[in-house]
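Taking it in order: structure first as structure tokens, then the write-up.
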Amino acid sequence: MTDKASHRGLLLWLLLPGLLALGVSFVMPMLWLLRASFSTSAFGGPNGEWTLANYSTVIFDPFYWRVATNTLTYGLSVTFFAVLLSYPIALFLTRTTSRWRGLLTALAIAPLLTSGVVRTYGWMVILGDRGVINGSLQALALTDAPIRLANNFLGATIAMIEILMPYAILAILSGLGRLNAQLEEAAAMLGANRFKVFWRIILPLSLPGVLTAALLVFVLAISGFVTPRLMGGGRVFVLGTEVFSEATVTLNWPLAAALALLLLIIFSSVIILYRRALRALEA
Amino acid sequence: MNQTSLLARWSWRLLITAIYLFLLAPILIVFIVSFDTRQYLAFPPESYSLGSYALVFQNATFIGAFWRSLGIGIVVGFGAVAIGTLLSLALTRHRFRGEGAVNFLVIAPFIVPNIVLGVGLVLVLANFGLLDTYPGIILAHLGVTIPYTVRTVSMSLSSVDRRVEEAAMVHGASPLKVFWRITLPLIRPGLIAGWVIAFLISFDETTISLFLVSVKASTLPTEIYRYLEYSTDPQIAALSVILILISLVVVIALERLIGLRKAV
Amino acid sequence: MPDSHLIVESLTKTYPGSTASSVDHVDFNLQKGEMLALLGPSGCGKTTILRMVAGLIAPSSGRILLEGRDIAQLPVYRRNMGMVFQSYALFPHMNVAENVAFGLEMRGVPKAERADRVVRALDLVKLSGYGERRITQLSGGQQQRCAIARSLVIEPDLLLLDEPLSNLDAKLREEMRDEIRDIQARTGVTSIFVTHDQDEALSMADRMAVMSAGRIEQIGTPREVFDRPATEFVAGFIGAGNFFSGTASDGQADIPGFGRLAFSEPVPAGTAVRLLVRPHRIVLGDQGPNHFSGVVEHLVYRGQLLTLTVRVGERTIVADLPTHAGKLPALGETVSLSIAPDDVTLIGEAAS
Amino acid sequence: MPDSHLIVESLTKTYPGSTASSVDHVDFNLQKGEMLALLGPSGCGKTTILRMVAGLIAPSSGRILLEGRDIAQLPVYRRNMGMVFQSYALFPHMNVAENVAFGLEMRGVPKAERADRVVRALDLVKLSGYGERRITQLSGGQQQRCAIARSLVIEPDLLLLDEPLSNLDAKLREEMRDEIRDIQARTGVTSIFVTHDQDEALSMADRMAVMSAGRIEQIGTPREVFDRPATEFVAGFIGAGNFFSGTASDGQADIPGFGRLAFSEPVPAGTAVRLLVRPHRIVLGDQGPNHFSGVVEHLVYRGQLLTLTVRVGERTIVADLPTHAGKLPALGETVSLSIAPDDVTLIGEAAS
Amino acid sequence: QDATTGSVHIVGFSGVFADNYQKFIIEPFKAQHPGIEVTYEQSKNSAETLALLTLQKADPTVDVALIDVAVAIKGNAEGLFAPLDPAVVTNLADTPDWARIGEDRNIAFSQDNLVILYNTETVSEPPTSWTDLKDPKYQGRIAARLADTRGVILIPILDKIAGTDYKESIDPAIAAINEFAPNVLTWDPAPDCYAVVQSGEVDLSICWNGRAQYLHDTQGGIIGISAPKEGSIGQTNTINLVEGSKNAEAAQLFINYALSAEAQATFAEQSFYGPVNSKVELTDAVAARIYGSKEAQAAQTSLDWPYIATVYSDWIQRINREVIAFN
């Protein structure tokens, strides 16, 4: 009944288009990138020669180490706050029996579908020296000089937190699916008050979702460059902005490629750590 | 009930409202600013008008880029769903050597930052002469969207009861007929969700597009980004509001159709 | 009854947004150590009663007294009741011992004592040595016992069980029944057991309450309920039956289209009566005042039983005969059936 | 048996990656119009057999002959069999009529004829007028009937039913049994019915095959299997029982720690025997050669039955007594029990 | 009128530049050479143009590229551009030596001066010197994107003020930037250095003259322009013939026209980009809007671009690391 040859033929047709598309749009770029990072040619063109110079620049220049640690700090702080703020929303959305629930869910996710560039501009208007917050503070005579909320690390972090929150909300929401009301009732029956129910039941059970959210946010945060550039006032040096400026300002593509691969290495190690954590959690 | 729980309930509500406010603040600001009459973004507006909206509808660059993005998004949607469906079928319904590798290939683009992919894509597409062309940008967007469609389609494929397919087969349907008459209609919600997600990602993708397109195939996000390099005026806010409304409609339709949580 | 352990008085629940009451003026008392089965069709309000007693939802009206104290103001986590949920609701992120220890931990029981009591509880439900297991590594029956241990270890004032057996297959279910019964008897904890399976209620409970549409139709020992159903609903819900409508006259009833049926309970002549005969109580042969003959229309061999459908006059009578070795009736054969007058039950008010 | 409709010969299935065979040299024949129940505990290979017959999986070895033709090379969709799945597997995106018409459409039956046959099939399963309904608007029982109609409308050579009743609640299940039996009898289609519920198999099948670990332990009519179980496994699986081991001597057996037990089957003296007495076949009183008295240790009232556990000598005997009105034994009471020699069954090879 | 036929495909800057270039250079050229087809393709930035040329190297479709001088010099290293023929491009004779870069491969055709913009509503006393940037009254009121060509041009200016030669040391310039760094609100003004002045987000911004003049005229004069008295240096745009161009002859004709005094004068008047052709005579009004006061005009200098190309990314890195990273 199962004809091996025809089965293999079918499989080939199922896989071929996908492999072709991903081959051109993903595998080849990554291979080129790898090649370019070892090249002397300005654009990683075929006429370049092999060199390790780009990597030695990246590895031995303390500036790039600083950029790397900046990136990590940036990623971790964005991740921490994005998850912290998303959790109550996700919890609220799973709990609420309000008939506005659909709309509220849509609202929580709508920002996801709005250009990050545009939202960043919104943040500039809010956080700028003459923005909504400083304006109100000064109008209320709480401060006389503006507080620097934008054009620095703080501003880039605040905006990025908001921009990535919808992803975190979605991930935590799907993680909270494991929770059922009966578990909480069972805990209450056994004498757990509300706080203890949260701490001992809800939180541990939602941890996998939280971890997924954290990973997602972290990955997106450390590779972002639009928000750090626009909100950072040029002061935020992270790998994303460096890759972009090496590629477009100084036109050193091999270095950009090497930096990009460095970014990838940071990613992969974080993902491996994440997998470990998840497995530890499930074991 | 008692006092403390009332207090707890109200502080909980306050917290949720505050976070929502934080989440929606930039959108709200953009909405308000879009009615300003000044030529730059500032808050609060001096006076209100719909002038910026009129300007957006007269802006040939935006209109052109909008239609291009729409076209690209639609093609990417269909392409990603078709290819994603085939891949999902292979991955969920067959055992084969190299399955692990294909599985990895399908999630890897998730974890490679777009900016990294963008640099690599320029190098490859330039080589094929595909920079700033429709095939080029569509291929690039397929790469980032296929992982999503594979995920949604696989999810609906694995929720299809295999026995329903077996029942069709027992009652006389050949494998191809089973696919057309049973499997495909049953995974339709997943296909629609996949299409919408792929469309939205393509429609909103900035990072990679910035590397790949300049004039001929420029998309709306790249035009917005480029416009913002030289000016910020309420026009951009008005355009954003229009786009937000479009995405809200899409989100709500999606929620109605299949429930968002299943889709993403 | 001031010495009752649990008193439920006129308990009523109307869910917001619904017009009818899901639980409607329900009263019952439980003695210490008694096990009550709440029985009834789906949606009749069994779970709702249990959840009100547990404090998970607030009654619309009525009182619940535990050891004479009204517990309305007591929050769930102070009620000290054990509950076994239909799906057990074990904490998936804790192992068996941690699940069982949870309630003790909440009560601030010191670690050493906790470990001790967990071991004893696991022993009680025959799960010694399973403490380190993950919940997912337990079979359905083991999960149930874990859930029971978890609710017993806190030495609850009241044990509530909400269809704890409905997730199990037939074989396991029967084993679990005995086990629960056993544990309950040994610990002597007052219990309420919700089920919609009559066999479960009959074989486990000291008393059972049959509910319909939010009200208790009858409450009594299994025998009382089975043998003296207060209403036709109860009669039909508990066990199969042949029902007859007729007019009483001097120790017997005239049943149109069937004949006369003698029964033992005294009823004034001329009263309209509803009578019930359980298929199991019908025997072959023509002893006593009630004997009929008819043709076997349908016959199902069920191992221990042979279920006959016999046409008698204008009616069909269903009889379950034991399959003792020996000649059994065949399809189309004419058979004689007899019913002892004591096995004819009068349904409803005329009975008392 | 050349005139058998379906012949299964030495059918074996070993799933790739597993060492033991899930189905192990199974043989059986079915006459045209016969209904066979495949019965056995979970995982014994029932579904696997059915799926091999349907062609959904390929046998590792053995043959399946339908009307004398080996169907190994026939793909599923050409086998012309009807199948009713456990969860019915109705096409959720089609309405009832479309579901039923599906098989006809696949066979290229013209539209007009199709409509006609669908109407007749729906009529047969008493679903006339439900054609336009969506599947989700049907009750469990209606869904089942729709699934049956869908598999019958193609006039299959063989009807396969894989636990079609296991999703239903007790009440509905009993109704559905009769319905399936009825439809099968009316259409005369040869059928195989998979179940793990002995009551279902006993009451529905013409013959039943009891399986264990991939092998058929016994195949025969329900009566044969219940009354003359070939192995202890069969005896235990079909119905409850009291088992005795002893040594035969002249029409009776010596059972250590219990006494003597007379039985009817001739066995050479000195043979070791295993004997089975069904709880239902034990009666109160001291008639006949086998009567014992003992103390009631445990007693469960189950409505129609009273299950007694009685200590006799060093053993306990379980007896199910009908609850006919009249005095019933109480806990701790001493009762006399008798067993007719015909009700003592010899298990295993010595029997036959 | 000329009878040469062919087609010239140009890739160059986008935006207002493209509009003006089309109107004031290409159209008149086409009027003179009806047989030559000219197409202009806008490119996002010079880097992208260079990438495009690199990747098309084997079979170029572009004939003429308009790009920043720093990028053009990078292109020479990849062998992307061909030297011009002085016999065809006769206007080379009027082009100063500093503007004939890479052995006549990259010819400067216009310069856009680096200037200080100020908001005319908030700044009552316009700055007149580069040293005004460190005035404490501008605390947090300056926008300066220096991590690109702007910084690279500012360094020689500040070095000159400090009396140092930029080829010897740029430490004085870096120190000078550090002096006004505390006043800087943003090192990467978003959206750009013009809009932040226009909106009043900052008082001052270091920016290009051409676009500022255009905005001054079109946006109600909120943006004021100060060309400091110490003089300025222009961001230099070059015109380049692509190596391997299939229309080299027509392309050189076009380049010749683009370098002519006539074309440069028109373009200077329209776009306020400084002309390079030494024959161009600007009216005083136009000269003032391009170079500032007479004093500033006299102090105007230009750079050794091939040298700058070798230090370009080093200087940007020094600005990033020694100034911005600490401010």
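Each chain gets a letter, A, B, C, D and E, in the order it is written, and its residues are counted from 1.
What we mean here is this: contacts are C-beta pairs under 8 Å (C-beta built on N, C-alpha and C of every residue); 3 or more make two chains touch, one makes a residue touch a chain.
Just so it is clear, the model here is predicted, and its values are computed rather than measured.
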item	value
Chain E and chain A - chains in contact with each	B
Chains in simultaneous contact with chain C and chain E	A
Chain whose average C-alpha position is farthest from chain C's own	E
Highest C-beta pair count, chain pair	A-B
Centre distance in Å when chain B and chain C are each reduced to the mean of their C-alpha atoms	55
Chain B-chain E separation of Cα centroids, rounded to whole Å	39
Sequence positions of chain A contacting 2 or more other chains	43, 121, 124, 130, 247
Multi-partner residues of chain C (each touching 2 or more other chains)	none
Multi-chain contact sites of chain B, meaning residues that touch two or more partners	41-42, 228, 232
Residues of chain D touching chain B in the complex	54-56, 75-83, 85-87, 89-93, 102-103, 106-107, 150-151, 154, 160
Contact set on chain C toward chain D in their complex	169-170, 197-199, 202-203, 222-223, 226-227, 238-239, 278-281, 283, 300-305, 307, 320, 322-326, 340, 342-343
Chain A-facing residues of chain E, complex	45, 47-48, 50-51, 54-55, 57, 71, 74, 77-78, 140, 145, 147-148, 185-190, 200-201, 312-313, 316-317, 320-321, 324-325, 327
Chain B - residues contacting chain D, complex	161, 163-164, 166-174, 177, 181-182, 185-186
In the complex with chain B, residue positions of chain E that touch it	14-15, 41-44, 48, 51-52, 55, 190-192, 194-195, 198-200, 219
